[in-house]
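To start, the structure itself, in structure tokens.
By written order: A, B, C, D and E. Residues from 1 in each chain.
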Amino acid sequence: MNWHRYASPANFKRLSDRLLPWAAGGAALFLAAGVWSGLVVSPADYQQGETVRIMYVHVPAAWMSMFVYANMAVAAAAALVWRHPLAEVAGRAIAPVGAAFTFLCLVTGSLWGKPMWGTWWVWDARLTSVLILFFVYLAYMALNAAFDEPERGARASAVLALVGAINLPVIKFSVDWWNTLHQPASVTRLDAPAIDPSMLAPLLAMAIGFTLFFVAVAFVRIRAELVERRLEALRHARVAGEAAAERT
Amino acid sequence: MSAALALVARDVRLALRTPAETLTILAFFVIAATLFAFGIGPEPQALARVATGIVWVVALLACLISLDRLFQAEADDGSLDQLVLAPAPLELLVLAKCLAQWLTTALPLVVVSPLVATMLQLSPHGYATLLASLLLGTPSLTLFGAVGAALAVGARKGGALLALIVLPLYVPVLIFAVAAVEASIAGLSPRPHLFLLAGLAVFALTLAPFAASAALRQASE
Amino acid sequence: MSAALALVARDVRLALRTPAETLTILAFFVIAATLFAFGIGPEPQALARVATGIVWVVALLACLISLDRLFQAEADDGSLDQLVLAPAPLELLVLAKCLAQWLTTALPLVVVSPLVATMLQLSPHGYATLLASLLLGTPSLTLFGAVGAALAVGARKGGALLALIVLPLYVPVLIFAVAAVEASIAGLSPRPHLFLLAGLAVFALTLAPFAASAALRQASE
Amino acid sequence: MESTPTAGLEGRALACRRGGRTVFRALDLAAAPGDLLVLRGANGTGKSSLLRLLAGLLAPSDGRLAWDGEAVDEDPAAHRRRVAYVGHNDALKPTLTLAEHMRFHAALRAVPGDACAAALDAFGLGALAGVPARFLSQGQRRRAALARLVAAPAALWLLDEPTNGLDAASVEALARAVARHRASGGIVVAATHLEFAGASARTLTLGAA
Amino acid sequence: MESTPTAGLEGRALACRRGGRTVFRALDLAAAPGDLLVLRGANGTGKSSLLRLLAGLLAPSDGRLAWDGEAVDEDPAAHRRRVAYVGHNDALKPTLTLAEHMRFHAALRAVPGDACAAALDAFGLGALAGVPARFLSQGQRRRAALARLVAAPAALWLLDEPTNGLDAASVEALARAVARHRASGGIVVAATHLEFAGASARTLTLGAA
């Protein structure tokens, strides 16, 4: 996609007008299908019993936590290299969504861990690196909000987003590098997935649903941010105008 | 009196205008606790043994970091001169600032402390006492910290100097608080320790405003 | 090059003019470790179990506290503009500041660390590795910290924000360092962990000056 | 010397030490109700130090400062009530609006907040009352600091280079406020390098010796 | 427009955005060797912003800035070598002496430190060379910042309200330094609210539109 073509706020608005209904509708559809097939159709696991159904939320949430961060890092690079306002706005808009997915991954993993490992939390490499990811999200948002001028916050947090991107491969490969309690990859392997199709289907449906949900929310939030920025600029201009008027 | 209330209202309003500050302190609390978990290693038993100490020390450090600019910010923008020159006694204004500081940083810490306790595998028997000890202990931390913050105004390496001044004052608070929590985990009554904590708070409340005011008057010379 | 050396000399001279700052960091190191000894209780075994972690976490927090104003002080008094406008590459000047910072705060920490280790009953088998891990690990702490300090220039809540940014970057350093010390206490070779620490330092050395310079250029806009 | 107590501010043989160095000594000054005393002198002669000393922020190392004949350090609280000090910094919080600043200042000085809006108007800040301070330019910030003088009346105004960064219209607004204050029996002491408008101003030049 | 490259500094259609707001745009300026360009305009019209932009601290959101006909952003290092900037803050460390400040500045700008003592003398600071900066008054600090200009020569001086807080003698010293710099082919751009002495100064008024 030619980023620059859609990068003007007006073009972005037109694009998002067109795509938003599809993304939102698709998200609703896939999520409904995923929930239904995950809770009703798919079988319980022969080892884990009914608790395996947590997977249909946990695993897509985990994927999204990394996917959103990757998006944020790309937006950060674009913001730093091209200084494009839309890229700045995009990073700020999607960070809380990513943090929410990460939180969801942590909570569902923790809920799952209690029956499976007998504890809410262990300091295992994968869990730890996801927790760090969550902290990096928090730091990103805090840094973004820490300045009086939004541009400054956007650019500072973009640098942080790029530095923090080192964490993504650590999360992804931590299970392979260290011996841990956590499951190694069974779906996203280079060879064939080692998971039963009756479980794979709802999992994929949920994953697509989550992704579309993310796209829809991102559209809405980016547009809200753009409106906010315009309002701020207008208020600023009005203040300056009134000050000038007052002087005469 | 109304000057003090106005100051509390102003500081709380400042904190609400930039909620990122409170949230940052909370994040520090959680992250520093995590660091200790890393440092000590993953076995739940080892962690549980030291959980009380770590929750409390980390809460204490979070308080300390949040105090960094309590008066320095006022000095930097010239507000401190206005506070020192206000007709109301400076001691009262210092108390007002401490109250606002406690409401906007220590209280949120108390609220999230159960989360951190869970992460560090604290025994569930200790939760109630942990909360009580934090509620009784954090006012002393804020008040003693205010003395340090006032002394550090004008010193260039504010943060570290503050730590040096304040940490020894924090030791008794820490000892009694940890003793209280450990007592209830061991099935004993935490009451004597909690009373001592309350006593410390009263002591801090009577002493700290005077010490801090004296330091601030010197700083504005 | 001579500009960078002049900057190192200036910063070291500044530190020597006010030795209280270095001493304060050292005191923080010792006092915070003492706090943990209090928080965890007096049994030597319990302490020894967690000593490595605590020495390292406290050293890390001391580093963090000392970084607070690394670039903010330059920004506040207008020196940052002069550094950014100097003919020498900003990356080089950032490195110079990091070197001076390491010499005046981290190195003294390394020197007193055996004292703190003794207080916390660290097994004597771990001393040599503790020193090695600190020597190899603190440069990464300083360099990553410099990135955080540069990012936080001009932010509203310096101290805690810096902590929030930097602590996630510190976690790998902490993990490898503690693993190295624990390995030699257990009678194993700490070498693989120390190599990883050195690798991290090299990584920080190549990445941090660029990230910090980028952040500083934005800050001076 | 006369033995009847002088009305207003009087300093006798004042001395000031800062950083181990005597900045000035044996300095006498007097300002009766209605007076404007302008402090002049080269850089470093102690104008700012003298203002802080008059405010009670700095203790004189020698000499006596009196108000209506009574030593100021005998009742510091009374002195604080009559002093309004505008220093180099404007004491503004970036996120609070001008109106909030004014109301807080009135509460701090224990006066009703009725005069706040009028004070902002006096310095042409009426339209900016609802604007957070971080949006203001340097000159507007300075005006906000000066508007405090009008919002919370005090007998003795101490102004340290009040015209720094002000444009011509605002300098005039300040002159008007000073004239009104003097007409109602107030005293103004101001340090400045520039000309400072004011009928029958008295000048005290420091470091002339 | 002419196609021969102009000697000295030239800005074409410069625009500056700060805090989401356009401060100025379509601004043209030129300064040939020997020129003094005085920036004027009410508070908030963008004088300081323009100076930071000319220094290369701030990137213009639009337009082109050139030196001797070559775009400045093509070789930022060369531009840094020819710029000397004195902003609002004086860049002084409280514990370092004036002489130490001067020597550090010379090393930073990669010039020999021979001119340092003379530079301090030019601003009447010779006697204070061994004094740590924390003991200086506001005006003395400002003079120390200005003395740097003389200690480390640069082709383009950018001065933001250089006379702030200076007494009359120091304002004259500054005027002398500026004249000498111009006589040797240097360029000076200065923002100020006051009159700024200078033969054949050109004025650029911002926010006049």
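Quick note on the criterion: contacts are C-beta pairs under 8 Å (C-beta built on N, C-alpha and C of every residue); 3 or more make two chains touch, one makes a residue touch a chain.
No experiment lies behind these values; they were computed from the predicted model shown.
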Reaching chain E from chain B through chains that touch each other, fewest steps: 2
Greatest separation from chain B - chain, by CA centre: E
Far-end chain from chain A, centres as C-alpha averages: D
Copy-to-copy rotation for chain D and chain E - C-alpha atoms, rounded to a multiple of 5°: 175
Centre-to-centre distance between chain D and chain B (centres being mean Cα positions), rounded to whole Å: 37
Distance between chain centroids, defined by C-alpha means - chain D, chain E (Å): 32
Whole-Å gap separating chain A and chain D, where each centre is the average of the chain's CA atoms: 55
Set of chain A residues in contact with two or more other chains: 128, 135, 138-139, 142, 146, 148, 236, 243, 247
Multi-partner residues of chain E (at least 2 other chains): 19, 42, 44, 59
Multi-partner residues of chain B (each touching 2 or more other chains): 18, 20, 24, 27, 31, 34, 38, 41, 156
Touching residues (chain side chain A, partner chain C) in the complex: 80, 128, 132, 135-136, 138-139, 142-143, 146-148, 152, 155-157, 159-160, 162-164, 167
Residues of chain D touching chain E in the complex: 18-19, 21, 41-45, 48, 88, 135, 137-140, 161, 164-165, 167, 193-194
Contacting residues of chain B [partner chain C, same complex]: 18, 20-21, 24-25, 27-28, 31-32, 34-36, 38-41, 46, 49-50, 52-54, 56-57, 60-62, 65-66, 68-69, 155-161, 163-164, 167-168, 170-171, 174-175, 178, 182
Chain C - residues contacting chain A, complex: 147, 151-152, 154-157, 161, 164-165, 167-169, 171, 207, 211, 214-215, 218-219, 221
Complex contact set, residues of chain A against chain B: 119-124, 128, 131, 135, 138-139, 141-142, 145-146
